[in-house]
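I am attaching a structure below and will ask some questions about it afterwards.
Letters A, B and C mark the chains in the order given here, with residues in each chain numbered from 1 onward.
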Amino acid sequence: MSEPMLNVESISIVFGGLKAVSNFDLKIYEGELVGLIGPNGAGKTTVFNMLSGIYTPTEGKIRFMEPDGITKNIEGQAPHILAKSGIARTFQNIRLFKELSVLDNVRIAMHNRIAYTPFGSVFRTKSYYQEEERIKSKALELLGLFNIDSKSMELAQNLPYGEQRKLEIVRALAGNPRLLLLDEPAAGMNTQETKNLMELISFIRKRFSVTILLIEHDMNLVMGICERLVVLDYGKIIAEGLPEEIKRNPSVIKAYLGEEATIDA
Amino acid sequence: MEHKTRNSILLAIVAIAVVVIPTSLIKIEVIDEYTAQILTLAGINAIIAISLNLISGITGQLALGHAGFMAIGAYTTSSLTMQLGLPLPLAIIGGGFMTAVFGFVIGFPTLKLTGDYLAIVTLGFGEIIRVVLINMKGLTGGAAGLKGVPGFTADILAQPVISFAVVTATLVLILAGITNFLLSSYGRAIISIREDEIAAASNGIPVFFYKMFSFTISAFLAGIAGGLYAPFFGYLNPTMFTFLKSVDFLIIVVLGGMGSITGTIIASYVLTYLQEFLRFLKDYRLVIYPFILIFIMLFRPKGLLGRTELSLVGLLNKVLQWRASKAKDDKEARR
Amino acid sequence: MSIGTEILQQIINGIALGSIYALIALGYTMVYGIVRLINFAHGDILMVGAFAAYFFLTRFGLSTIGMVGAFLFSMIVSATFGIVIERLAYKPLRNAPRINALITAIGVSLILENGARVIPFIGPNPRQFPTIKTVNISVLDMSVSNVQIIVVLVSIFLMIALNYIVMSTKTGKAMRAVSYDRKAASLMGIPVNRIISFTFGLGSILAAAAGILFATAYPQVEPYMGIMPGLKAFIAAVLGGIGSIPGAMIGGYILGIAETMTKGFLSSQLSDAIAFGILIIILLAKPTGIMGKNVREKV
């Protein structure tokens, strides 16, 4: 692989006079699992928001490789277009469709590939029934892989926290993404849950052949599964490299803990 | 028989019954003309309330100018019948389409706004539409209004019967269409916008497109309702389409439950009847209605049905389930 | 009159009208700033204030003392209405979806308007507001009336007073704190509920003054009198940037002048439509208004 799947070239964003992210570069190759770490407020979610189309960078370019091998500029494109191109994400504070069922949450992410028209829905054509059947079984299958299919009719907001996080990931996968952005998937989880999550992420990589960029604070998870790390502080990259190197990098340690400390992981 | 077919037959029977039975009762004068009129008006109110619920309750974009859309539909229909001599059904559909065009044009800039601002702008447009219509004296008769709008039928004696039948049949068709739409992926897409726009967009839903779609359909339905209004009353006056009228429909939607179509229909019939019943209260009515609104907002914001729908199919399933379990119990008891 | 003087004349008229709009707009903007609510009922508080003054003046007569008394009485009555409405109807909905509060505000507005209509001692018919004799002063081929001068002076006085309160007092600082971050303000020991009530009261006081000035200039009071000025003042607040106090003042004057210009040079019927036109244009071009800041939703 010579051509990166995602090539972020020096993006910056300014909010009302404050440069939240400066000259952020990143290359992600197909199949990688990269971690984006840094202290709180470093700008990690802002980077995600730029990658998923919620914000438009004020400077820089983002190039994304389509399945046919052609690379396109995607900076400033709307979120739904990026979702269709194959970039999916989860949110730091979980954004499920709270008052909809688990099943509906997943089915909504599959809307784009529906093969009937609104006309078909109103007049209940054959393709309506076929497609609804197809989506329902696919969604249940997906939920089953993650062991939450038994709760398919529950309202999303009634799920326990850990399952809500899982559901958000399932929803993101339902759109057949090639690049998955996970924003603090382990937030609020204890050691055992985090361990389960690590296995889940490995499973997802294998089963869905999806490239992953993840934001995390939990160093166990980060060191445990990330192949490569990028460290952000005050909107700028302060270090990049293998987890072992990053662990010992003095600027990283300083950013997280102040001078003269070590990260134990 | 397969569930699908069984359910469709059940719904078709109920739909036809709901139209045919009362119509016959009106024809043989078991239901008197006055009641028939209330039922017909309630049906028209239900259609426009459904149109409002579609954009405000289901898609989550509060719109306060639907009286303006109704006005466009009403005046378009009356112009088409009175000045072009078109048959009424065509004129009503024409009214719907005209209103949909306005909905599209107005929606395009305004649906980019959110929440409060959107509500205010739709209110503004509703008022602008009304003021413009007042000033188009040739078309609308100005502030004095338009008289002599052709009714549903030339036969005065058959008016109550035909009015009721046409309006109720239209309502039933619209209910069927909207329900089917909402139970599809398109319905889910639109509802997801209400739930969380950003999550919806991030999962591939083109939010602006569906807002426009919903708004335009909403305008179309409001126009159809307006088109039914014109022959029902036989006259039109700009004072029928003020902001206060928009608020009336808002009250219906809120009472029935923002997000429940069947709730809206129930609330529509209840409130239309109540409006007639409370006529003796005259101006006090204008104070009581907003009190009802505030009361609901403070103590039961979900309204009657919240976001759930009354489902005949669901009811049938429950009945069948109950019968099946009762049969099982009987069988066990006999052993 | 040459075109130049005609324009200046309308500007003078517009400044007087704009002062009234500015006073009302300040109420909208302060309430929006502090609880993110468009108080639909605010224009009707103007009506409450005008009627309170009407009853006071008919009872105690139109003297300078009477006028001052009318202002004070009207302000107290309006502030009470504003605070009570906030406590009963808006406070319970502070954490509810915004649609609910907006609908409730519409309800309150309708209750005030139609309530005034059915209450026997008010009733739907317009009353004549006791007003001073209009004296027109001629300046360079234009005329300014004593009423206009009073309107502008009183308004400016109140706006200066408001500015002092908001910028230089502890309560004002608390108001600003609550409008930035309600939770943090309460954690800092600020009595949030009291500050919110205070804000509503302050806005209502200004609306009452606006109502009296309005009734002095256009001396008819009736239950629906607050609707149009209220709506226009709201547009003024949006134009200036809702949540911004200087914005409300700027917006008020712009709207007042736009309206008098339209009345003078185009047609009076259009003067209402102009306000809506301005609203739509500003919401399409720069929804945050002239002085407004772009507030992003944090994702």
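Criterion: a contact is a pair of C-beta atoms (placed from the backbone, for glycine too) under 8 Å apart; a residue touches a chain by one contact, two chains touch by 3 or more.
Please read these numbers as outputs of a predicted model, since none were measured by experiment.
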Point to revise | Central subunit by CA centre of mass proxy | key: B
Exercise for review: Tell me, please, which chain's centre (mean of its C-alpha atoms) is farthest from the centre of subunit B?
Suggested key: A
Review point. Distance from the CA centroid of subunit B to that of subunit C, rounded to the nearest Å?
Key: 36
Point to revise | Inter-chain centre distance, subunit A versus subunit B - centres from mean C-alpha coordinates, in Å | key: 41
Point to revise | Length of the line joining the C-alpha centres of subunit A and subunit C, rounded to whole Å | key: 48
Revision key, fill the gap. Residues of subunit C that touch two or more other chains sit at 299
**Study point:** Shared-contact residues (touching 2 or more other chains) in subunit B
**Key:** 198
Practice item. Provide the list of subunit A residues touching at least two other chains, using ranges where the numbers run on. Key: 54, 91
Check your understanding: Which positions of subunit B touch subunit C when the two form their complex?
Key -> 56, 62, 64, 109-110, 112-113, 115-117, 119-121, 124-125, 127-128, 131, 135, 198, 244, 247, 250, 254, 258, 283-284, 286-287, 289-291, 293-294, 297-298, 301
Exercise for review: Over in the complex, which subunit A residues touch subunit B? Could you list them?
Suggested key: 52-54, 78-80, 83-84, 88-89, 91, 95-100, 104, 107-112, 114, 116, 118, 120-124, 128-129, 131-132, 135, 171-172, 175
Study note, to complete from the structure: The answer for subunit C against subunit B in the complex is residues 38, 89, 92-93, 96-104, 106-111, 114-115, 117-118, 124, 234, 238, 269, 272-273, 276, 279-280, 283-284, 287, 297, 299
Practice item. Enumerate the contact residues on subunit B facing subunit A in the complex. Key: 4, 177, 180-181, 183-189, 191-192, 195-196, 198-207, 213, 307
